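The following pair of complexes shares a single chain, chain A, combined with chain B in the former and chain C in the latter.
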Partner chain A sequence: MTTTKKTKTVKWGDEPKLGWVEAMYLPAIVSGVATALKHAFSGKTTTRQYPEVEPTIPPNYRGVHRLNRDEAGRVKCVACYMCQTACPANCIEIIAAPAPKDDPKWKDRDKYPETFTIDELRCIYCGMCEEACPVDAIELTSIYDLTGLTRQEMIYDKEKLLSVYDQTVNSGNDPIRTNRGALGPASLEAPTAKQGPPPPGQGRHG
Partner chain B sequence: MFEYLKEIWPTLWPTLAAIGVILAFVPFLGLYMTFIERKLAAYVQDRLGPNRVGPFGLFHAIADAIKLFLKEQTIPAHVYKLLYFIAPTFSLMTAMFALVVMPFGPVPTEYSSGFRYIVAPGIDIGILMMIAISSLSAYGIILGGWASNNKYSLYGAIRSCAQFISYEIPLGLSIIGIIAAAGSLNIEQIVAAQGGPFWNWNMFWQPVGLLVFFTSALAETNRLPFDLPECEQELVGGFHTEYGGIKFVLFFLAEYTHVITVSFLTSLLFFGGWHFPGLTGPVDSSLGGMLLRTFVLVFKVGMVVSFIMLLRWALPRFRFDQLMGLAWKGLIPLGLVNLLCVAVVLTFDLPKHLLSFTAIFIFVGSLISARQLQFTINRPRSAGRPSIAQTTSEVTI
Partner chain C sequence: MAKVIVNDIEVDADPKDNCILAARKAGVEIPHYCWHESLSVVASCRMCLVEVGERKPDGTIVMGPKLVPGCQTPIREGTVIRTDTPKVKTTQAMTLELLLLNHPLDCSICDQAGECYLQDYTYKFGNAHSRLDEPKIQRMDKYHIGEQIALFTDRCVMCTRCVRFTREISGTAELQVVARGSHEEIDVFPEVPCDNKLAGNVVDLCPVGALCSKDFLYKKRVWWLKHSDSVCTGCSTGCSIQVDQNEDKVYRLRPRENPLAQGHFMCDEGRFGFKYIHDERRLKLPRISAAFSKAPSAKPPNGKPTGTADLDFSDPWSESMSMARSKIKEAIKNDAHGFVAVLSPFMTVEEAYLLAGYLKEIDKRIRLVLGPVPVDGVDDQYPKGPKGQPPAQDKVKFTIRAEKCPNRLGVEAILRHFEGQVRHLDDVILKADATAFYVVGGCSQGWVTESIDRGIGKPALLIVQDIFPSPLSDRADFVLPSASFAERDGTYVNYAGLAQAAHGAIRCPGDARADGRILMELSERKGLFNAMALRKEIGRTVPTLATLSVGELGDHGVKIATTAPEPIHS
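Then we have the complex of A and B:
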């Protein structure tokens, strides 16, 4: 088999030659000790005293979930199963129920989630659920210190997720993805096939 | 029996008291040296260090000790049981035994009754005994490495064996100069010979001896620039890989006891012991003078201990061939030259501070070249920093 002759240049590097002064090790030791002493007496520390001083979490951090409420204080979720379908870790479980038609408060809604559970231990905090949600009902907050003593208490149900909303909505550190107050574009005027797609810039994804 | 005890009691109780002081303080000091070391490491690395348990984190050491003592005693199935248990105790025993002839406070050269700051005063082979005993500590490490029945442990033990044998020689050579000057092997006599003005301290006229002694003593303690027997990156844990809990504590305590021994020896042999400008004459037995001298000695020891700890965070580890090369090609010739110089000075009754010029040469010279080195390192790349590849050659593949 003949191959085209290929030339490669390899650069050989040699260790720099040590003079006799450097070979005594002493100058290097002195300069090393000087560096160590300089740092020891500089008085600067980079340590953050964690439980007392909490870090500032950026608003695009993906922490514990919350279920948003709408203006009437109801759960904003419309039980469309989009998040449950999108979830790669299968940690969301929704059971939908028809909205109580007799109640005038629920007149504008067809469905609502009867139960909404998220297994926080199974979740990988990828944010696909909030991306899938058409009404911005589920969001990831910047709560990062999630702890629990049992697996059972790490399975968050609807009430707990709503309480996370109550706890974080006024903390001033809302997720930057949030659409506080307004429902998502899908819930406004459902664009049908007849009407065609929404004009550019108005749809959820531009 | 009781009569005999009554007869020897006046000489017995000071010895027992001194043993008690050593047995009480050395483990305590070893415990707190871990804490000081962690703090110092943190400061060197711009951190805060342990500060949670107790004021300034002072109880971290105690919490550590409690944790290690309460740990489950696991014995790996593949070890030689008897040697496995003997090794840590042997290691600590030899380390503590070396402290017998070590004055931990001012000791007058003539024998006196009452409490003394030494277990066995007036031993005329003092320094020799100390060197002999402390070289026994290699056995503890070798036993541990062998009994663990684990190739990494054995590697660590073999390395430590080679290291001990090599560094014993420059250690002895550097001490001979001191012994020749003092005319005695007795540590109290050696300290007494350094009395007078502070430039009589051995460090000022035998700086090469100090350099050789401190380097080889550091190698004997297995501390960081020379910690090849237990280097984590190559050997897991070295000779104590298979040890945990209280057995590990014993090894650890032995290492810190060695550090204490070396620091005491350096202070006593080279830094003038309990002498200090203004505190030069023979030891008086008043309580104030005793306490002051003890404080001076302990202060010097503390400085040496801090320096040893600082070196750990300032210097990288030696490679094994560099380690051996340093002992056989560097320190042994240097020690011999130093011994020759001291012998010439003593034989012809020359002023002994002729040798101080070597101190000026070593310390000032290395300071200047360290400054130069810093400039070379910190010079920006564009200013023609010498690159690693100084020679290039092209090879056709």
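Then we have the complex of A and C:
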């Protein structure tokens, strides 16, 4: 739609008129130099020493996904495809299968994900999958430094996603966030991290 | 017609209708589980309770004191139905709460989720929460109900639609209700699973996720399936079906209600018999035999210069099409009477018309014959009697026909128009005077018998348009890979002369093409294949198919004026 008509709903502003003091630019230059000098001699360091010092990640950070395990150590996911349906980037692919009923370990389950693949490169880390999951099986962790040498390596399968769970669940920063019917520890004030930029020298890995 | 007032809307209803049907005509939905149009009425689910009254001749309305089940209550002139009173609404919510008392609410893993009447009705008529504090009764799943059927017992609402189906439609009566009260369950007798030829229908009938098809179990969530209206090509009944597909893969076929064709149901042979369309052995690339190929050894394999990327954007069809066209003309010039086109009863009317019209235009003397019509035993009629005997002729509710092809009548009508009579392949083989063949297949099973194979032999020109390799396609001069029923548009004429439109659901595998497209290009007609435009043309030119000139055949199809069906040629 192209229109040049100025409608009343749009507020049009004009740039402020410069007086003779502003037109000299001297006051602005002086105040700019003063700010720079103040910071230069304040003694506070604001530079982050990344990657030597890693930042503390807030608990609601949305990083790499993990697939949670249930009490029996099985994958918690029931292959309902809700995350795949909710995913706006179309990066989740599940293939469901009837649970191996002959195995006593799987007796109480009907359906399980035979494969569960997330393309971490295609993902936009919006957290909709976590939101949609009815059994709190998929969660986003605070792992932010996700790298790889090939695209193939960034397509995470079920084993890899479960290993992310094993790796993060006891790290202190990524507790199991939610539990069916009740909000989990993530809704409480997190004891491990405060909001806002972390003080230097207190990164995740020391 | 009887005047009925549904929520102050006055409609004309059939006096044979019940309250649910009358309300449907007024655009009012009365929720129901146990009632089904083609089954008997039991009024057991109590979901369709409505207030019913009567408008007296003086205009006063007198409502009945109690709620009545809408499925069981007939209407008459002046019946007043109310579904919007607080009394009805409270009862509906209470009934749903009761039905959901022991329901496991495992929608997330239930195959029915998305097309479940418990979900839909709870959303529309129910409460958002349950007041039950006690633990729910849990029951064991039954995977032994049938070869294709699993029962998730705790999802069942005991509507007994499945039980009535096996008693009234299939007549085999495998399913029944065992125990009483809250212990009620659907089950089969030991060692007698529900494996009749119509068993798959109980899965469609089940309004909840209790009976599931093992074939479809956990394969796809239903909200990803896209539906196209089509026609089953398994036999000459021509059941109206819906093809459910996602990303060019067909997941299931479901019957589509059509009172003119088959009613509400379809047989398991048709329901599960679609797997061949994804068979790896399908013909996927057009092929020209070495004898006809222009320069077979001059080009490297696939016609690619060496060293280029593994991408070939050239059209594999262009050469075979132009070459086939010139060879057909050459063969007809040499011996017009010896050129035989075999039209298969699996072709649609449009395809038969295109091929017959094209060849007859080149030379009137070429012969068109009907390919082999597969026949398997005798017509299988339901409901079966207690000893498995077929029902009396006026009691037949479903027939699986012996003629295992969808469109014999349609192709015969085309043949009669162009040829004056219906000749069969066997007659030509007996005479042994054919020098060139254009053979169209399209059958899911190997239709090339030894006698056909020997009879056709090695003519001067052999063009095979088929979906599966056969002895004929192995030695054919041109192989034109064509489409299965799910991949093409067209019209099929069933045993009773009902012409139904089928719509393509998926794309052809590989470089195969729909028969209509192949024939449009072969005959160099202008434009793309369009079934509706061709139907109109056929209606104008072929007098026996004049009813096709409407173009749009609707959901139920139209009857064509055919002569009495001829006995099947054996």
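Rule of thumb we're sticking to: the second predicted complex is superposed on the first by the 134 of 206 C-alpha atoms of A that agree within 3 Å, B and C clash if a C-alpha of one lies under 4 Å from a C-alpha of the other, contacts with A are read in each partner's own complex, and residues count from 1 in each chain.
Rule of thumb we're sticking to: a contact is a pair of C-beta atoms (placed from the backbone, for glycine too) under 8 Å apart; a residue touches a chain by one contact, two chains touch by 3 or more.
The shown structure was predicted, so the numbers you read here are calculated from the model rather than taken from an experiment.
Enquirer: Quick one: classify A:12 as touching chain B (first), chain C (second), both or neither.
Expert: first
Enquirer: If we overlay the two complexes on their shared chain A, which of chain B and chain C does A:50 touch? Say first, second, both or neither.
Expert: The answer is neither, since A:50 touches no partner chain.
Enquirer: In the overlay, work out which of chain B or chain C sits against more residues of chain A.
Expert: Larger number of chain A residues touched: B.
Enquirer: Using the touch definition from the top, say if A:98 reaches chain B (first), chain C (second), both or neither.
Expert: Only chain C; A:98 stays clear of chain B.
Enquirer: Hey, which residues of chain A end up touching chain C in the complex?
Expert: Within the complex, chain A contacts chain C at residues 78-82, 85, 96-98, 110-111, 134-135.
Enquirer: How about chain A: which of its residues touch chain B in the complex?
Expert: Spelled out, the residues of chain A in touch with chain B are 6-16, 21-22, 24-37, 39-42, 44-47, 49.
Enquirer: Looking at the complex, which residues from chain C come into contact with chain A?
Expert: Within the complex, chain C contacts chain A at residues 106, 108-109, 141, 152, 217-219, 221, 223-224.
Enquirer: Which part of chain B faces chain A closely enough to touch in the complex?
Expert: Residues in contact with chain A: 40, 43-48, 310-311, 313-315, 326, 362, 365-367, 369-374, 377, 386, 388-397.
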